[in-house]
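As structure tokens, here come the structures.
Both of the next two complexes hold chain A, though its partner changes from chain B to chain C.
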Partner chain A sequence: MTSGALIFQSVILGLLLGGLYALLASGLTLYFGIMRVVMIAHSAFLILAAYLAWWSQTRLGVDPLLSLVVTVPLFFAAGVLLQRGLLARLRPATLTMMSVLLTFAIAVIIEGLLGYAFTGTQRRVQLGYGTANIELFGARIAVVKLIAFGLAVAALLTLYLLLKRTTFGWALRATIQHPDAARLVGIDTNRVAGYGFGLGLATAAVGGTALALDTTIYPSLHWHWIGPLMAIIVVGGLGSVPGAAAAAMVLGLTQSLLQIPLNTTWAQTIFYLALFATLAFRPQGFFGGRLAQRF
Partner chain B sequence: MSTRLTKMRWATAFGATTALALAGCSGGEEGSTSSDDPIVVGISLPLTGDFSEPGKGVQRGYQAWAKIVNDKGGLLGRQVELKILDDQSNADRVVSDYEQLIGQDQVDVVVGPFSTRLVVPAARVAEEYGMLFVEPAGAAKEVFEQGFKNLFYAAPAVANDHYNHLAEYILGLPAGQRPTTAAYAAMDDPFAQGTAYGLKEKLEAGGVRTVVDEVYPPNTTEFSGIAAKIAASKADLVVGGSQYQDGVNLIVALQQLAYQPKLAAFSTAPTSPEFAAAIGNKTEGILAPTGYTQKAPYPSNVEFVEKYTAQFGTPPEEDEANAYTTGQVVAAAITAAGCAEQGECQQKLIDWVRGNTVETVVGPLSWDATGKPQGAHMIQQWVGGEIQIVLPADAKEADIVYPKPAW
Partner chain C sequence: MPSASEPVTTLAARRPAVMAGRAARGVLLLLLVVAVLSFPSLAPNPYILSAGILVLNYALLSTSWNFVGGFTGYISLGHGALAGLGAYGTALLVTKAGVPSFVALVVAALAVAALAVPIGYAALRVRGASFVIVSIALVLVLLLVFQSWASFTGGSRGLTVPRPFPDLLRPEHHRVFWFLFAGLLALALLVWWVIDRSRFGLGLKAIREDEDKAESLGIPTFAYKLVVFVVSAGFTGAAGGLYALWFGDLDPVFQFSILTGSYLVLMALLGGVRSLFGPLLGALVVGTALEYFKVEYGSTPLHLVATGLLLAVVVLFMPDGVLPAVSAAIDRFRPAQQSIREVTAAELREQREGAETELAGAGPAASSTKERA
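So, the complex of A and B:
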């Protein structure tokens, strides 16, 4: 009954979706790696970035991609401030637990402010090329999804090169691997952690914009995202960016293919099934190493 | 289930007793209705929370109705006064609101809130007190399966009957032209799903094969998976049981996959003023059922549109019109029965509405024993960048275009 064309189309959609998931989850895993912080507000920042992209498009007439010029530095600064001003002040003994409460509060504040500023009405960026598509061996690829995927690849590649090829990247990875040892060799781990947080939030700016290109946004949408994203970083191995990316691709693809025999609701459950399976059989994750020991 | 019902009865009884006791304490004003007192209409509306947008629309409709009635000297020589409480879109809150309105505030009549989920609990309270309950928003079939004897839905048709004119048209096509396969995608919501499944039932009975039948949760934002299934099925017609944004997203996702059906029908979304811009003006041939249009030629509608626009600055939409219709039905009943207070009068009002046809802004309305209106929605179609009534034949502004041009 299921045709080959539908499977091929679903594989393409799944890969595009997986790429987007990878970008959205990369920041989340980075925060955990850097300072064992569970950043519930990450998806709220994604939605905030999506709203800024929408706002610049509808009110200023600027293409949402151009809004990145402002939102990326803005989010980087916000991330540094957030880490230096709030998270670094939490007591190390209860850091992980308290960071959940703190970032939960931030998420609720962002949601409330978005609702106040833009109302609860669902919004969608309206692009001239919103329904444009390319044919590939009988399957159709929407241009907006391709752009979102391109953004994800570019952002993740930049992140990878930054971490692997720059002095800051080495310092950040050293901080992730062993903060005490990093301090011993002269790394200012506090400053590095602040910048690392900024980097995580900068990925949220890119991710939110990519998200806004082809889906509806509303203030409480971040609750819909945080669950799957958390599942992705656990499956990928907490703290591992390549692990999160690999898990995101696999889960995105699986979700898309499961939509063929199942409906939307059941296809979503793959995230939670994968989460349970990981916690039960391989708590350190399938793609990363032991909790953020390696990058 | 039965224990829950019993618990609810007890809670209601307790609430009623408390309310009565409180009313007794405050001096007991029953029976002191003079002809100068205003007729107080009690309403609970979702002015905040999930349904706040339509809730406010319904509120504007009621306000317009009260103003237009009062400008003409009121009902039975008495002015109409609205008493509106905010239920925060919460079904528990709506129950206590109506308890308060009827028991404590001693309103003369009550009318319904917005959304099926809130209409059912509210109607149950009204029934306990024997009050007439005309409502603007409970279109799902569950509303009429509760055995209410006091409830009337003030709109042309329930969700499952919205597409009746379209079903008739499709099944009336000559065998060579008639579509043979259909794809359905509906939101997991009693109203949205009801519209699509109403048409599905009729088309299946008429021999149109269902090739895709998808249900998605209300917060779905990503429709490419559903769209891929529909596009791969190459169904002749696609039907969306949608609200607003999901309909837009699904249409865009279908267009991204270059799917070109012969007929595309979506509920709610295509009638919204922002629809064309939202899908980049690729609206060609999209059909939608509509319970209300400002262009409908009924005499009271012309007056409603004019005075509403003067009062609020913008013309009324469907939510506003449904609330106004509710007001018209209650007003007709009060005028005919010659009374408006709690007690025996309410049964007179109920009996009158059950036995009569009321002229409203959505046309003449009458009801069956369950309170279900006996009509169908008009069908509108986007033709040349404009949405126009195409069915039924006696109300049409343009001819239906089938098969639809490419979008």
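So, the complex of A and C:
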């Protein structure tokens, strides 16, 4: 039954899925690096972006990809506001715990508003190229999945270049590594942290659009995403972007391959198994930097 | 020595105030007990009584949550899942193994406590962030498992639990369970109170204030956190089991709901996590509101919005709870307390001068008194 072509197809699909996971996990990693915040609302913003893409396609007749022009700046601004207006106001001593509750509250509010505005009905973007496939060595890959992967890779690459090659990227990485020292050399860490949050939410905007292309969406879908994403950042070592990306690829691939012998639901448990195993045996994660030791 | 007698007189002057406070607290406690005992006879209809049981169940769960949240400051969003495990454990023991209802309840609670050991091991070895992640992951993975493993758990169709007292009418059934829930709540409150006053509790609170310092002072932080997490899980599991026996019908979507976990946090935070009755008070407010809105408006997505907004407001503006916030607001109108000392600086100076004049007369033999002063 499990022919070579099927396995090959699963590997391809796993890698494509892993790309999307990597993009979203990089956003979560950014928040954690900047403020030690576990941002529960990340995946809720992801679904919000997916809904905006769906809405622009059905109501305005615009291709979902074009909605990025609006959602990316919008989410960037929302991220800056979120960090400057809400998270920075919390007491530093209890920041980790209270920020979880605050972002949880935001996630629930977004879910409730989406349910109120668009009802709980499952929605799907209908595209002209939605059913097109590409044959590749006997594996059939949906074009929309390739587009989604392309988006994710492009966004990750942009993020990488931004972090490594620009002055802002230096400042952001300095803020993550050592906020006090960053302030001493004249970096306005508050502003940089705000922009960092904006970048993180911008990844959710891109990911949401990519998600809307080939997934049925509903308001409570974000709970299916936040679990795997949190598992990925823990396995990758909290705070390490390359670690998160590597863990995302490995876990996405494993999930996709496990779907052959098991069904979709059981294959998802691999994320939680990986999460528990990592914390029990190697709490600093498998690809982690020094940051992760104590969280 | 006149200087030594002075603090004693100030203490004696304070004693009536302390006694009055204690008496007021005793009266309040007595009122609470009377209210709890008389509620089943005062409830106008069985619906009100069943709604009261739901609130009591929330109070019990929230108090159980507060063992971890209140003492150590570690916030768990996954206690709903522990309650769900207790509920399903009890139900499965009764339906599949034919164990008597209340034996099943105790066994299930112990099993949840035992399961909390490996979970706590993974979650508590490092600091807060991992704990939160594990607690959320616990809810999500258990929901997946209990929905998918339909042959064993009944899946999304639910699981019916036979009633422990088949010959009781529904109102009588509610009445019995009201007292069972109240008894378990009293036990949980008692254990919380005992821990609060113990050396163990002091260690836990030290972890809450500053885990690094607590560790450097020789507190076995990991063991302390693990023990209190297991105690909390045991009570939560027992509450879930009791709910299963009372309600008689389990659905994974409601048992393993992250929303339940967040309600517990909201209740405890609202009432104040540092006080014994804080979660109870929070459950009274939030639980009643939840029931009221369910009756008035049905289940709409706006519930989520209201819950989220309330949680955000509490976290942003009164993270220590409403009770402490209110009492702080009241204190603002009282004459300001100058200092946390019981003796004022002026009194201390008088004392010191008195001691020094005495010292001058007494000679070198009294040098130890000088050090003490």
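The rule is short, and it goes like this: the second predicted complex is superposed on the first by the 290 of 295 C-alpha atoms of A that agree within 3 Å, B and C clash if a C-alpha of one lies under 4 Å from a C-alpha of the other, contacts with A are read in each partner's own complex, and residues count from 1 in each chain.
The definition used in the following text is that contacts are C-beta pairs under 8 Å (C-beta built on N, C-alpha and C of every residue); 3 or more make two chains touch, one makes a residue touch a chain.
Just so it is clear, the structure is predicted and the values come from calculations on it, not from any experiment.
Q: Mind working out whether A:Leu184 is in touch with chain B, chain C, both or neither, as first, second, both or neither?
A: After superposition on chain A, A:Leu184 lies in contact with neither partner.
Q: Please work out whether A:Leu161 is in contact with chain B alone, chain C alone, both, or neither, and reply first, second, both or neither.
A: In the superposed model, A:Leu161 contacts neither chain B nor chain C.
Q: For A:Met97, is the partner it touches chain B (first), chain C (second), both, or none of the two (neither)?
A: Second partner only.
Q: Report for A:Ser3: first if it touches chain B alone, second if chain C alone, otherwise both or neither.
A: In the superposition, A:Ser3 touches chain B alone.
Q: After superposition on the shared chain, which partner residues are touched by A:Gly120: those of chain B (first), chain C (second), both, or neither?
A: Both chain B and chain C are touched by A:Gly120.
Q: Of the two partner chains, chain B (first) and chain C (second), which one does A:Val69 touch, if any: first, second, both, or neither?
A: neither
Q: In the overlay, answer first, second, both or neither for which of chain B and chain C A:Leu60 touches.
A: neither
Q: Of the two partners chain B and chain C, which one touches more residues belonging to chain A?
A: Looking at chain B versus chain C, the one contacting more residues of chain A is C.
Q: Regarding the shared-chain residue A:Ala77, is it in contact with chain B (first), chain C (second), both, or neither?
A: Neither: A:Ala77 stays clear of chain B and chain C.
Q: Is A:Ile109 contacted by the first partner chain B, the second partner chain C, both or neither?
A: In the superposition, A:Ile109 contacts chain C only.
Q: Need the overlap of the two footprints on chain A, from chain B and from chain C, as residue ranges.
A: 120, 224, 263, 265.
Q: Could you list, by residue number, the parts of chain A that touch chain B in their complex?
A: 3, 5-6, 9-10, 13, 17, 119-122, 124, 126-128, 130-133, 135, 140, 142, 144-145, 214-217, 221, 224, 255-256, 259-260, 263-265, 267
Q: Name, in rising order, each residue of chain B that touches chain A in their complex.
A: Residues 50, 52-53, 188, 214-217, 219-222, 224-226, 228-229, 231-232, 244-246, 248-249, 252-253, 255-258, 277-280, 282 of chain B touch chain A in their complex.
Q: Please name which positions on chain C make contact with chain A in the complex.
A: 73-75, 77, 118-119, 121-123, 125-130, 132-134, 136-137, 140-141, 144-145, 147-148, 258-259, 262, 265, 269, 300-309, 311-312, 315-316, 319
Q: Show which residues of chain A lie in contact with chain C when the two form their complex.
A: For this pair, the touching residues of chain A are 32, 36, 38, 40, 86, 89-91, 94, 96-98, 100-102, 104-109, 111-116, 120, 219, 223-224, 226-227, 230-231, 234, 238, 263, 265-266, 268-269, 272, 275-276, 279-280, 283, 293-295.
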